[in-house]
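Below, each structure is written out as structure tokens.
Shared between the two complexes below is subunit A, which pairs with subunit B and subunit C, respectively.
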Partner chain A sequence: MTTGIELRDLRKLYDGHGATAWAVDGVNMRIGQGQFVTLLGPSGCGKTTTLRMIAGFETPTSGQILRDGIDITDQPVSDRDMRMVFQDFALFPNMTVAENVAFGLRTRRMKGRFSDAEIRRKVAEHLDLVHLGSHAGKRPHQLSGGQKQRVSLARALVTDPDVVLFDEPLGSLDAHLRKVMQIELIRLHRELNKTFIYVTHDQDEAMAMSDAIAVMNVGKVMQFGTPREIYDRPASRYVASFIGHAHIVDAVVAESRSDGLMVRLGNGEVVSLAQPAKVASGQSVGLMLRAEDLSLARPGEGELHGQVADSLYRGEYIEYVVELTGNAGLVHVHEPTDLPPFAHGAPVALKVNAQKAHVVEA
Partner chain B sequence: MRAFGNHIFVTSLASAVLFFLYAPILVIVIFSFNDSHYTGLPFNGFTLRWYVELFHDRQILTSIWNSVYVGLGVVAISVLFGLPAAIALDRYTFPGKTAFRRIVLLPIVLPGIITGVALLSFYLTVHFRLSLHTIMLGQGTALMCITITEVFARLQQMGKSQTEAAVNLGANEWELFRHVTLPGIASSLFGAMLIAFSISFDEIAVTFLLTGRENTLPMTLWSLLRREVTPEVNAVATLVVLVSVILIVIGMYASRGKNSASYGNH
Partner chain C sequence: MAQAALSLPSQTGGARPAVRSARRIERRRMLLWLVPPIAWFTVFMLVPYALLFYYSLGQAEDMVFTPGLSLRNFARVFTDEPYLGVILKSARIGLMTSVLSAIMAYPLAFCLAFHVRSASLKFVLYLLVIVPWWASYLVKAYAWKTILGTGGILNATLQGLGLTHEPVRLFLYNEFSVVLTLTYIFTPFAVLSIYAQLERVPTSLIEAARNLGASAWEIVFRIVLPISVPGVIAGGIITFSLAFGDFVAPVLVGGPDSLMISNIVINLLGVAFDWPMAAAIGLVIIALGLALISLSGWLEEKTQVRL
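Right after this comes the complex of A and B.
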């Protein structure tokens, strides 16, 4: 028996509204108990719908949801023992912070499980967990956005669910607060050993927090893997360009060996890669070149050549936009700010990190 | 203001409208305190005599009680049916939902006399004996739409995530209603109740057609007026105006809630 959650060929078609496109179109996924898994993708790709089907708020049009091997597709929301943290916090405005947190412990379903004293202790404990111990008597409207989301988090965690679902919980917070909360969430996940299923369209957030990421597009999972796999070895052109904003240059496989690959660009220049080869010679591919995997050199000292088209001072680094010779494509390069700068229009060579450069389908 | 062009024209038009609306009411109020048996000048001096007399008039007292009784019944009916209807409208989608929402509003638009005639012929068909209860039923069905629209608007404004959060935390239907839905809609429900009560209190068209032997206050006033406008009638009218204004103001204030800015997109 597998512990955790399994999605089997999950599909959703919203009826009404004249909808004809699948909001979720055949999602398969295994989420092990205790994992932090993120659904990542652009707005409208079906992340929320998938999460809401797991929570039980939406009924799948077809497919199955399994929990520890048992089919829960038709189980009512309140039987699922999964707690959701909403983007708009969904706090109860007429209750105090403490009453909000206690809500899930005071339902009829929990009757007799905890004494009043135990409930008070648990609420206090969980308010401390999210650093809100001194706000117990306040009403939601007296709190800041970040504090509201902490209350909502405490309310979800206090009933000790195995699974916590998050739908863009930091989406309405400012950038600084978002960073602080990301670190909080990682800490909570590490301490609590619960499964976190997290929805976001922010790839930095997904990379920083997740054990595994499912990159989604138009209702489908394009790739499911660790942040490192997804970043370093994107399975498709779509994933490569969505994650880390890689630039992809058209190329043809010149030579394919068991320990590496040579590809030839449109201008005849050749790059070698350490990527284990699964492509045949002569095949058209896209060569993924990320800014941090390239460095500039004087002409003749690198595999590729081009001209500086633009340079942008970014504080941490200088970003050069380089146009490859023979119109082979545009790439971006990050260079340390303390090196002598390259002038606009200057001919340059590019060194490619063979370990990191990667090919995807054409 | 410039957009309206002629400032003087707009101001005088508004003043005229206000004058014709409120001057008659003001006249009634003034003459209810006049120490004279006739409604009209001269003003012989201030007295509360007509108010004292009013509270010794059995006919008027009975009809005030009848009106209150009908009003309370109307409020009960419109909450009992309007509240579940509003929740259902908010929560579920079903074929013809938009059409249903418009049809529900129809009684507000229809002239009372039409509603009255329709209900009368219906009651006669099913052999209902006309009484205060038939008035209650008639007004209640017509005024239910106030509860439905007010509460529905508030529910839409609340959004569904609080409801989902409560269900997600294991609440059953009753707990959801008691702890989340009701506190959220309480003020607009209360407002709708007050508005329904005060409309019922003044209502005459439907009441006229559906009444049995007992009379409500507007009916009694009307029959008194057929003889002459006595100062006592002025006193009753003044009290009715006062109570209605208070109820409507409280009702509107409550149904708008504290943050009226986000309200009003039905």
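Right after this comes the complex of A and C.
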């Protein structure tokens, strides 16, 4: 028996409106107990639908959801003992903060499990956990967005579920608050040892918080792995360009050995990589070049050559847009601001970090 | 340069009176815009109320109106038979109608708001609620006569089933049939008012409650009902007012003793020619109505939750 949640070939087709596209199209995933797993993808790729099927709000068209090896596909929402944190908070407006948090402890099915004193203690404890101890008596409309999200978090955690589901919980918060809440969520996950399944379209958020990320596109999981795997070894061109804004240049494998690769660009220049070979010589590939894996040098001092097409001062670094010679492609390079700047139109060479550059399917 | 500098003062000097006169014209034009509403208000509100008040202070002697300055008629509303009693009875019928309407309307509005997912089905059901209003009030009231009467559908069914052997007379010409008819006719108002409030409840609240393990009953009684109280009150006030002031149902399906206050007023006006008494009753009812609306407005405000 495996503990945790397993999705087996999960599919969803919304009926009505002549819908013909699968909202979720064959998702397979294993989420171990205590993991922080993020579903990441652009808007409309089926993240919410997947999460809502796990929660029981939507019935899968086909496929199975297993919980600790037991099929829960048809289990009613209220029996699932997974708590959801909604993007719009979904706080009950007719109740105070404390009453909202106590709601899950006071349902009929919980009757007799906790005394009033215990409920009060648990509510107070969880309001403290999210730093809202002094707001217990307020109504939801008297709280800020960040505070509402904390209440919704406390309400989900107070019943001590094994699994907590999040649907873009920070989506409506401003950038600063989002950072604060990210750190808060990571802390809670570390302290509570619960499974967190998290939906977001923000790749920075996904990278920073998750044990594993499922990158989704049009209802499918494109890659499922640790943030490092996803970032350093994207399995496809789609994942590479979605995560970390990589630039991909067309190339052909010149030489493939067990300990590395040589690829040739359209302009004849050659780059060597430390990536173990999974591609054959002569195969067309995409060479993924990230800004932080490149550095500029004077002509002749690097593998690739080009011309500075643009430079943007970003404060932390200068971002150069470099057009490779022979129209081989466009790459971005981040350079420290204290180095002498390269002028617009200047011919430059590029040094490539062989450990980090990576090829994906053409 | 010099020319421009020279021309500046004269320009501003010239502009100021121009602005002022433009403002004056503007204000005059504004007054013009205000004439229609003020005229409407005077002709249709102030004058009738003033007339009503003028009549209520006078006397009717031998069916002829004599002006006066006496508050006697107002006292008679509360002391003479049957006025106060009928007002109270009308209020009772109004209250029963509004409560029954709310009970009838709530489940329908609830279904419409939460269970009907398809937009077109929602529209059709919504239309079905409103459509009876295209039929005449009289037709609808008469319909109940044919259902509840001694030779009516209900009695025929009961006899056909062998449950009764002779027509039951209890169904028609009493307060029960009046309340039933009024409830039938005015329930749509309650539906629309409650539905409007329920529509504001985000579905995520209901999903959150289900997710926290709440049963359907708990969702209704702890979340939906508390949030929808203002809609119920608003609908209740509308149905109460309509039922309270009704004069057709008591005549068509009511018994000899189920006349309501509007029937009394009509009799005073058209049969007894006691216009002063009718005016006094009218004013008392208007005052009661204002009090009721203020109270309900306050209650609605008080029970409204900020979503």
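We adopt the following convention: the second predicted complex is superposed on the first by the 362 of 362 C-alpha atoms of A that agree within 3 Å, B and C clash if a C-alpha of one lies under 4 Å from a C-alpha of the other, contacts with A are read in each partner's own complex, and residues count from 1 in each chain.
Assume contacts are C-beta pairs under 8 Å (C-beta built on N, C-alpha and C of every residue); 3 or more make two chains touch, one makes a residue touch a chain.
Since we're looking at a predicted model, the values are computed, not measured.
On the superposed subunit A, the two partners subunit B and subunit C do not both fit; they clash. Judged by the touch definition given at the top, the superposed model places A:R67 against neither subunit B nor subunit C. Within the superposed three-chain model, A:R139 lies in touch with subunit C and out of touch with subunit B [touch as defined at top]. By the touch criterion defined above, A:H189 reaches neither subunit B nor subunit C.
By the touch criterion defined above, A:R83 lies against subunit B and subunit C together after alignment on the C-alpha atoms of chain A.
Of the two partner chains, neither subunit B nor subunit C is touched by A:R11. Shared-chain residue A:K148: touches no atom of subunit B or subunit C. By the touch criterion defined above, A:H247 reaches neither subunit B nor subunit C.
In the superposition on chain A, the residues of subunit A touched by subunit B in one structure and by subunit C in the other are 16, 55, 57, 77-78, 82-84, 86, 88, 90-94, 103-104, 107-110, 155, 159.
By the touch criterion stated above, subunit A contacts subunit C in their complex at residues 16, 55, 57, 77-84, 86, 88, 90-94, 103-104, 107-110, 139-141, 155, 159. Only residues 93, 159, 161-162, 164-172, 175, 179-180, 183-184 of subunit B touch subunit A when the two sit together in their complex. Subunit C contributes residues 118, 202, 204-205, 207-215, 217-218, 222-223, 226-227, 305-307 to its touches with subunit A in the complex. Interface of subunit A with subunit B (complex): residues 16, 55, 57, 77-78, 82-84, 86, 88, 90-95, 103-104, 107-110, 152, 155, 159.
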